[in-house]
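Both complexes below contain chain A, partnered by chain B and then by chain C.
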Partner chain A sequence: MKTTFITFLAAMAASMPAFAEEAAAASAPEDRSVLDAEVQSLRREVVDLNRDLFMLEEDLLFPASTQVAVFVSMDVGTFFAVDSVQLKVDDKEVANYLYTEREQEALKRGGVQRLWLGNLKAGEHEVTAFFVGQGPHERDYKRGTTLQVEKGVGAKYVELRISDKASKLQPEFVVKVWE
Partner chain B sequence: MDARHHRRGVAARLVLAALLAAFGAGATAAEDPSAPDFALASTAGSNYRLSEYRGEVVALVFWASWCGDCRRELERFERLRRTYGSVGLVVLGVNLDQEPGRAVALAGAAGIGYPVLIDAGKDVSRSYRADDLPLIVLIDRNGAIRARHTALDERDEQGLLVNLRDLIDE
Partner chain C sequence: MLGRFLILAALAPLAAAVPVVEQEAIPGLPAVKVQDLHYGDVLFHFYQHDHFGSLVRLAAYRDQGRLAVHARDAELLRGGLYLSLGQHREAREVFERLLADASTPPEVRDRAWFYLGKVLYAAGLFEESDRALRQVGATLGEDMEAERHLLIAQGLLYRERYDQAIAELSNWQGPRYWLAYGQFNLGVALVRAGEPARGLALLDAVGQLETQWPELMALRDKANLAIGYAKLQAAEPAAARIALERVRLSGPQSSKALLGAGWADAAAQQYQVALAPWQELQGRNLLDAAVQESYLAVPYAYAELGAMAQAVEYYERAISAYDAERSRIGESIGAIRSGTLLAAAMEAGGDGREGWFAQLATLPDSPESRYLYHLLAGNEFQEGLKNYRALDAMAENLAAWQQSIGAFADMVETRQQAFEQKLPAADARLATVDVTTINGRRDALQAEFEAAAAARDVTALATGQERSQIDTLDAVDAELARHAGDPAYDEAREKARLARGVLMWNLDGAWKMRSWQANRALRDLNATVYDARTRETASGRAREGAPERNAALGHRVEAVDPRIVALAVRVDEAKAAQGRRLADIAVRELEDQRRRLDEYSVQARYALATIYDRAAAAPPAPAREPTP
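And then the complex of A and B:
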């Protein structure tokens, strides 16, 4: 009798891990999907947090009262392949950017590049840009353009646009101020 | 009320993230493995930016025409480029000569087919601490510096090949 009972207990004990494994196997896919959802949600939170931090950093480093941003864009670009742009503000070099072929291509496709973001106090400032590259007939080409910028209370956005002047078969460099 | 709670939540998370970032920066400031980005003009006229090669294994070969051991490395990396170029190895030569003319002549004589970038201002070589030439810097597909080699003897060459193959296989 006693032997039978012990045998029964041993059989029960032996079958327990099997039951546990079956239960675990059934719940494993569910656990994984829950975990995946949690990871996705965490990832989203990190992305949101990163964006908030980036905006906060920009607000702190470049407050609207002093912020000036200079952008480069290109319209068509048949007569000019930009190699580099040097930017001076009040005769001080603030940016000197070399363009790779991929970046030239991106500009030609309508991309707008933020060349410089900085702080300037209220008042009048001189912004000068030198464009170096290849002009018509693949000749080396260097052109400068200057603009007097009146910095007020709000942020100032300056666009340096390279466009084609079809009537003269020459590139044209236009500086535009966005309020 | 909800908006105020949300703002508080964002502010708390920002403070937490800033603290974490500060601790993280402190921990990694000693040795930052990320390869400093740069853009340089090549002897052929095109410009090259390192960050455009994320996803590839990059070998930077710093050299100058006055450096005796450099030519051997230029030729070695031309052979490696031919062998491993199709599986993701990009070789960029960075020349430190003041006069690019000598670099062009030497690169032509060595028969190298990869771009030779001109670092006459030495800004890039300074940021990579290229005190001894030649210097070879291996950068992984995530843009981290994984190995630095100077002039290679036979044993070093084996080490370089092992490093290179490991990086390509990653």
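And then the complex of A and C:
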């Protein structure tokens, strides 16, 4: 009896090194920590590089003087589950987007999708969006919304917001223009 | 004999259990109503677990000044993203900066302390982590608060301060999910503090949890396995069997549980019953230590039952199985050295976030992939593979940018050429349009209309035809004036008066509509003139700054190109080094396995020799054959 219990305690002690190894890198051999540090440093530098390239690409392809971005957002989303959205600018289709389940979830949680980033000349433009999805009682639902956008000299942001109109138990599609 | 075989007891999972919910990235991110579209875009990627993409956007939008409203939320998220990517130094810097800022509101401050505590915990700095976690105020949500509490307790366990861990966990009440981990860890702390009875009672409660959460089912299995082996060591085989039977047959602990159940039966002299779980194990992967041991346990049971023929047969089968496995391990070590293991690991990995183990089942049985499942179960290999995957993703990212950057350079050059070519024509066209004169004419028209409206001069809005009729009537009146007093012109004078009266009547009737139309036409004209002036301004600005802007873009493209090349070289080198490290870990692990198989093989040969010796020394006796 005594012998077996001692074995059990030894067994518990034996599980300790693995336990400590999980938590701390302090016990790692030197070459390992050097390599880990290099991976960390590389990741930081790659993030910084991507940030610079992201901004460079935008400045190059979509300068602020002509830039227009269209975003899609959703608040609550009880009465509408978006499947796809089609975007037309001046009657020309510029985006046709099919949502994955993960993207739908991200929208519901408060994420805002940058649906389209493009260039438009100064002046008036017509932005039209068609939303397709499931409306109340899981019925297929398609709704369109149109907005006249006045493009000036600075970048223009348009938000297409799907919100719930509780009084009518219906989704509501609101367009908001941000400067 | 029992003690000799209980090598596996060392594998009983009596380490603190760490909840896995945090894989949902950064729990407790404060709920915010998005007021910056670009912050929403960052969240859109973050909620899809695209941590790299959201971090890049966050950094870019921050530098572009697009996150003004959510500056602090964004910083908190940035720190959390660095934490989730394993960038502990950067995460720590972000949280410490937030905490150093006196204007940081309490709820952001509490989260910053919490995440800082997590960073320090992950780095193994338990004292500092403990201090940070205890700075947190009362604004955390229920789940984060529970996690904070458990982290403090786990830190104490790591530092072997069992009494403090017990005090921390004893009267703690948290959400059910976290409470189960709290009870498990309290049980572990009590056993380690020398109170096995109380500790095992708590583990027993966890072992009987009714739950649908896979993580809690796994925790329940761990608790039952720990109790089972503890009871086995305490010579309480019946109690051991009860706990071991609660372990799921399909879970990762099932092999150890089956082996233990067999030993519990054997301890109760129920060798026939013990054969059932042990033989079940023989159909499983021989790399599992429990399976390896079962190859010795089965003939041991037969020998105890006096069925020496079966005992011999199974010992020989064990020796042959061990030899075959050793040979396969040798092949795999060769494959690992040649680098094929990593290709298989990458193929199995999917997107690197989830489903590794599920996908491993679909891999073909080849020397390079055979032991992946086993290797991936090890923390060191898994962490190393994460780094390798990260480096692979970085290499792909850099290669894609290397291609794009060439196109960027071409684009800048083409744009400059196009500008130089189009400039003369554009200037010529602009020269033909004098927006200032047009604007002056518009102003004159406006003044004319306003004067007519003030005097209600209905003729001012006459049509061309009406204007011509007015002119005709004026000429007629002038002619009639020359014959004033002549009665022969009286009828003509009357007709002219009547005609002018009708014309003025019609003009007066049309005035309201025409003045409205004129007003609208002037408004449209205003808009057109405004557009023309806007375009003229925009065009002027574009022309003025274009060469400088193109040159600045060209310099940025030139500057970034060598950065990409230099990083790509370093990433390739690090990837190769990481690959060698993974191969070393894998080979070391497989060589350990081979050594263990050698030991088992020696034990099997020794047992076989003993049986042969006894058979040679003893007179023949009738065997007790087991029931099939």
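One rule holds in what follows: the second predicted complex is superposed on the first by the 137 of 179 C-alpha atoms of A that agree within 3 Å, B and C clash if a C-alpha of one lies under 4 Å from a C-alpha of the other, contacts with A are read in each partner's own complex, and residues count from 1 in each chain.
Following the convention adopted for this analysis, a residue touches a chain if its C-beta (ideal position, glycine included) is under 8 Å from a C-beta of that chain, and two chains touch if they have at least 3 such contacts.
Predicted model, so just to flag it, every value in this text is computed and none were measured.
Using the contact criterion defined above for the overlaid structures, shared-chain residue A:83 touches chain B, although it does not reach chain C. Residue contacts after overlaying the shared chain place A:99 against chain B, while chain C stays out of touching range.
Of the two partner chains placed around the shared chain by superposition, chain C is the only one that A:111 touches, whereas chain B remains out of contact. Taking chain A as the reference, the larger set of touched residues comes from C, when chain B and chain C are compared.
In the superposition on chain A, A:166 makes contact with neither chain B nor chain C. Taken together, the two structures place residues 49, 52-53, 56, 102-103 of chain A in contact with chain B in one case and with chain C in the other.
Across the complex, chain C is touched by residues 1, 3-5, 7-8, 10-12, 14-16, 18-26, 31-32, 35-36, 38-40, 42-61, 63, 65, 69, 71, 73, 102-103, 105-107, 109-114, 122-123, 152-153, 157, 159, 178 of chain A. Residues of chain B touching chain A in their complex: 10, 13-14, 17-18, 39-41, 46-49, 52.
Of all the residues in chain C, the ones that touch chain A in their complex are 2-3, 6, 9-16, 18, 31-34, 37, 39-41, 43-49, 52, 55-57, 59-60, 63-64, 85-90, 121-124, 126, 158, 191-192, 229-230, 232-235, 379-380, 387, 390-391, 394, 397-398, 401, 404-405, 408, 411-412, 531, 534-535, 537-538, 541-542, 549, 553, 556-557, 560, 563-564, 567, 570-571, 574, 577-578, 581. Taken together, the chain A residues at the contact with chain B in this complex read 49, 52-53, 56, 83-84, 97-103.
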